[in-house]
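Order of writing sets the labels: A, B, C and D. Residues in every chain begin at 1.
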Amino acid sequence: MSEYIIKNGHVFDPVQGIKGDKKDIFVKDNKIVDKVGSGAKVIDASGKTVMAGALEVHAHVAGPKVNAGRWYRPEDKHFDSHKTAGITRIEGGKSIPTVFKTGYEYARMGFTFAMEAAMPPLYARHVHEEIHDTPIIDEAALPVFGNNWFILEYLKNQEIENTAAYIAWVLNQTKGYGVKVVNPGGTEAWAWGLNCLSIHDPVPYFDITPAEIITGLMAANEYLGLPHSMHLHQNNLGNPGNYTTTLESLKLAEGVKAKNNFGREQVLHSTHLQFHSYKGTNWGDFESGAKEVMDYVNRQKNLTIDTGNVTLDETTTMTADGPFEHHLNSLNHLKWINVDVELETAAGVVPFIYDPDNAVFASQWAVGLELALYAKDPMRCFITTDHPNAGPFTRYPRVYAWLMSEKYRNERLNTFKKADKVISATTLANIDREITLYELAAMTRAGPAKCLGLSKDYGGLKPGMNADIAIYNINPDKFPSTGPEIEKAFAQVAYLFKDGKICVEEGKIVDMGKKHTFWVDAKVKENKQVMHDVREKFLRYYSVNENNYSVPESYAPHQHIISVDATQA
Amino acid sequence: MPKEVTDVICPFCGTLCDDLIVTVSDDNKTILGVKNACAIGAEKFNHQRLPGRVKRPRMRQADGTYKEITYDEAIDWTANMLVKSRKTLMYGWASTSCQAMSVGHDIAEKVGGIVDNCATVCHGSSLIAIEDVGVPSCTLGEVKNRADRVIFWGCNPAHAHPRHMSRYSIFPRGFFTVKGHKGRKIYTVDCRYTDTAKCSDEFIQVQQGYDYELLNAFRTAARGEVLPDTVGGVPKEKIYEIVEDLKTCRFGIIFFGMGLTHTMGRNHNIDIAINLTRDMNDYTKFAIMAMRGHWNVTGSGQVLGWQYGFPYAVDLSRRDQARHQTGETTSVDLLNRSEVEACFYIATDPGAHFPIDAMKSSAKKPTVTVDPHINCTTEISDIHIPVAMVGVEVGGCAYRMDNVPIETRKVVDPPEGMLTDEELLTKINHRVDELLAKGGA
Amino acid sequence: MTSKITLNMITCRTIQQGVGMEAGKTSQKYFDACTIIHMHPEDMKKLGIWKNTNVRVTSSVGSVIVKAVETREDLVPGLAHIPMGPWANHIVPAYTYSTGEPCFKGFPVEVEVAMNERIMGAVEIVQDACGLIRK
Amino acid sequence: MKTVTLTVKNVPELYLECENVNPDAFAGKTADQIAKLGGYQGKEISTLGDYFTIAGEAGATAADTKIIVNGDCTKMKYLGAKMSAGEMVINSTTDMYTGSWMTGGKLLVKGNVHSFCGLAMKGGEFTIEGDAGNYLGAAYRGDWRGMSGGVLRVKGNAGSDVATFMTGGEMIVEGDVDIHIGTHMEGGKIIVKGNANRRVGGQLVKGEIYVFGNINVMMPGFKPTGEVDLQVDGTNAKFTEYIGDLGERHPKRKGETVYGKLFLKQ
């Protein structure tokens, strides 16, 4: 039994509405409690900021394409492989860190949970092997469904119940967490070298449109009452003028009601919105569409988004949006990996350099910041870099600093080589909002936890919640006056409690904690049709046998199973 | 009553067939029969029950004979060797499970090992090429369901991956390929008229060592440029004809093998083939795949990838960083240059598969070999530690040639008291910890 | 007819070699599968041998005795093949062009008749080269 | 400029990693301080003093420092790697990575060098009086940025894969080169005064390759476009000009496709 008192810290907790008041937090074992015994260890947090552990809502940190990115980019870690003294292993990689570095770096920044954003079901075991080896942080993974043959066939006939039963089966087989959709229909079209750029482009052979896939999967997700909503990477990513596609897709959620027991209110999470908020007709007359998109999102309460902030680094893009990576490769001519996964999905990987001297990349940087700054409800807008697509997650402290300091981001904006062009193509220069620590806590803790259906135990500091706590060397009364100081404070926590154990102290890893793998076990009525279809597809079209498909529970360390009962639905 | 174990995974080649049926004796000790496997896979299972299998570690004596020792003695000797050596080659890993590899890497990080796998003499060239130019690829099921053009370039699945053609590439009927072989056009490019070529619709005989030039000619032809009359012995008319055929297919795939990775130019033969594939994607859908040999050599690359960021030849000798440079940290080069002080071989047989000059260098160093059976390497090692056969006597994760992970199955018990790779490595790891705590390094 | 011919050597896998390998490195199957050199009939004629004659194959790094055979997988004249294994690797140059990959395919060898010479066993040939056999 | 002289007193059994032997690491240090810099053999961490006798002292900056290395350096890696200024003279044959990632200064090796020397060189002058190994001035594995600046001169022969992914600078090989020269090259200039083996300029995108001797087999992707009189590295001669690699993607400038060029002396 271990007990702690975190004394005199400035607490920021949107769950309880605490906005920086000095308050003691009590920890007993792995929980936050009302009080502890007199023998409790005291952690002096005076002059420091106390928040819940942060939750990453969307990052590519484990699995086949991440690893392909790792090992086809030796140059990404040739000068960047090192070991710090102590209990840690060798860490390496800038844009695609190794699993060890991934766990340590998230923990050093105060994160206790990360969602792997795209798991091809056929490769689920690989995702879990990496999650298994990633230290400290809790993780979960979202299987991709938007181009799955079962889904396309069921939804063509609007069979929501079958769709739901199949989703439940896949979640169980893959130890998955929810419903991820990447370029619905477009990735299946890519198997023939084609794409679906609008939500009304028909998918070759399957005779269905992206709009129908999105609508159907949203319905199936709510039919099951999963903790997380459908998680959508929209069609037409990264192209000028795509904000109309974005708005059209978001409108599909109008009138859809969230139905679940987890306190989740959204029915659609739209991810890395930065890549989907462009106006103009080409890269010459490219303009930001962030205002238009966020005006809509702000009005629609059943939507959540994450930003996908460009960090202006050399990075490695990777997505299940196969046709997009092909397109990107034809633009930058750097090395290209593509993997089409039978019956399910595809993925591409291309290194990318967001050169700040280029007006387009600098504008993308501005669009990402605009999205967060236009967000009226920080509980529905989360900060991501779509790691590693728009930049590595290790750049979060810098993104926070840009958002929290108008001066810092204007310094960056005004020193771009093509500053004039960026300023005229975006509206960032006119925004004076600075994100507060309280808002940041909503955007990185309480918000993501609620969006993922984890708000009962995570994302806040209320007694009874899990003791995942980050303490930063930031005194809100004397908030750091320069960007680099803010960055430094967020890069290295003073303390990180994970499940009530101190895992990081002044940026140094002191304990590997006990990492958990979260997955959702959804129970549905027995569905003979779906089980017959599964058997049939494995017999005829898959290259593995049905009995060798599932990921056994032994792959999920300290599994945290969230049960959902949809048998009455 | 004998019983049948179904959906068994074949631990021989990178095809990783997962539909074997193995009949096992009532006491779980003996394999009585294997169904669905190719000749090689069947032999692997049959080999399990051969009499005379070594069941305990053996140490070479001064007179050249081997004497049985206990596991504890072998573990202690190995740990001491690892701790003492300033730089150790830890080679193999292709025929063991990912779980065992993970333990091995932990040891390597502590003792300063260089972890290299069988890719180093196999598809290492392909991995270099992928590092240089990427790889547009797909899973094998995509080939089965969609491919209407299949090219085997410098590979001979009829011999090396016997069930590949029937499961994935030539004969199967898939979703969009209901006609099976009839709906596909198969090309084989090789310097010999192989058995694979005999199954193909067209055989292109390239002069040995001229693959790079021929691939360059394909790319040049695809751009409509002029070619010399023949390239690598192939007339230009043929080249133009094939390129046109490939451009107009629906889904094409190139499978390539040692014919490209072992010949002059090595990695460049692959990177130009990959670039041809990339070019073809401007016209249609095209993919390329390495015909990986050992059943889990891909897995070793994956585990090294997520732990250190490199697919093979990972140099942890400094213990505070991971480095990778093929030509420097690759096994054959390390041995050629005598750049290591000890050798630890696991789940492989470099004695049979490395050039003899490399093995002469190896034989001069303290050597431990971990392998279920006697082979050419165990007989030049100081210690041979037998272990259970992974994929037969113990399960564990493996990766197919298209990187799809499949859990291998245990079908029979290992001989009494025999350790698995993972158990053995865990014990060595503990012993290394003890020695290091005592200031052994 | 000459006493020696120069051929371009490749070493590859064969299914018999694969089966032999799994049967055991000390097995007869392995020995039979790997101690052969596939030659084109024309080259055999040039050398003046019938099939199934032992020959000595010498490269820049060493020489090995194997049995010359014809193959169903046709070669062009001038090209020869020994299945991968310790015998083939006795003559494979270890030079890697800094890629890690030795010269397994495409190196020149001289082939001469060695009718009465013995072919060594798998373990024996490696131990012998490594100086581990006491004579 | 001040001079430090290193004389090898112990030849390392394994290979010694001399990443600290360059003007940048020595700058501002006395002989004693230099002797304390690290040297690595596998996991064994020792000091330069264990392997060299060190005389003289370094200048205040790298630019003010000259290093002379005497004795047997055949088992020393990374000599002069990452140097940015100053001078180094090595009176021996060296091992891998000599002068790699060099950005400035002058480096002279009087013997041969092994593979991966001058890797991704950015600037400065690097001269090798003997032969060079493979991957001279090439990119590190996976990188598309090889040698990008400076002048690299080899008076002897060079191995295979010379100048892979070269993007700038100038490389002169006075002897012969082995296979695969200028593969994936995207800029810069390579001059080979001797013969080139096969596969010259495979997948060449941009840049120029001059060959004075013979090319064993010409790549099919190269097309002759005429004859030119040129002065190359001090020699006037008539060359046949080729463009290529026609199989590769080439950038366009003002609507015109830019090709790589190969000049073969007649």
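FYI, a contact is a pair of C-beta atoms (placed from the backbone, for glycine too) under 8 Å apart; a residue touches a chain by one contact, two chains touch by 3 or more.
For clarity, every value in this text was computed on a predicted model and none was experimentally measured.
A simple rule picks the central chain: find each chain's mean C-alpha point, then take the one closest to the mean of all protein C-alpha atoms, which gives B. Averaging Cα coordinates per chain places chain A and chain D 44 Å apart. With centres set at the average Cα position, the gap from chain C to chain D is 39 Å. Chain centres here are Cα means. That of chain A falls 57 Å from that of chain C. One inter-chain figure worth recording: chain A and chain B are separated by 35 Å, centre to centre, where each centre is the mean of the chain's CA atoms. For chain A, the set of residues touching two or more other chains reads 72-74, 76, 78, 334-335.
Looking at chain C, one finds that residues 97-98 touch two or more other chains.
Of all residues in chain D, those that touch two or more other chains are 115-116, 134-135, 140-142, 144, 179, 249. All chain pairs that count as touching, in label order, are A-B, A-D, B-C, B-D, C-D. Across the interface of their complex, chain A is touched by residues 6-7, 9, 18-19, 98, 102, 106, 109, 127, 130-142, 144-146, 167-168, 173-176, 250-251, 278, 281-282, 284-285, 287, 301-311, 316, 319-324, 397, 399, 402-407 of chain B.
Partner chain D is touched in their complex by these residues of chain C: 97-98.
Within the complex formed with chain D, the chain B residues making contact are 85-87, 111-112, 128, 131-132, 212-213, 216-220, 222-223, 225-228, 231, 264-265, 268, 271-272, 275, 279, 317-319, 324-328, 337, 339-341, 441. Chain B meets chain C in the complex at residues 12, 38-41, 43-44, 46-47, 50, 63-64, 120-121, 124-125, 128, 156, 158-160, 162, 191-195, 205, 208-209, 258-259, 261-264, 266-267, 293, 313, 326-328, 330-333, 335-336, 349, 351-360, 362-363, 373-376, 379-380.
Within the complex formed with chain B, the chain A residues making contact are 62, 64, 66-68, 70-74, 76-78, 81-83, 89-90, 92-93, 96, 98-100, 122-123, 125-126, 129-130, 133, 149, 190-193, 205, 326, 329-330, 334-343, 346, 349-350, 540-545, 547-548, 552.
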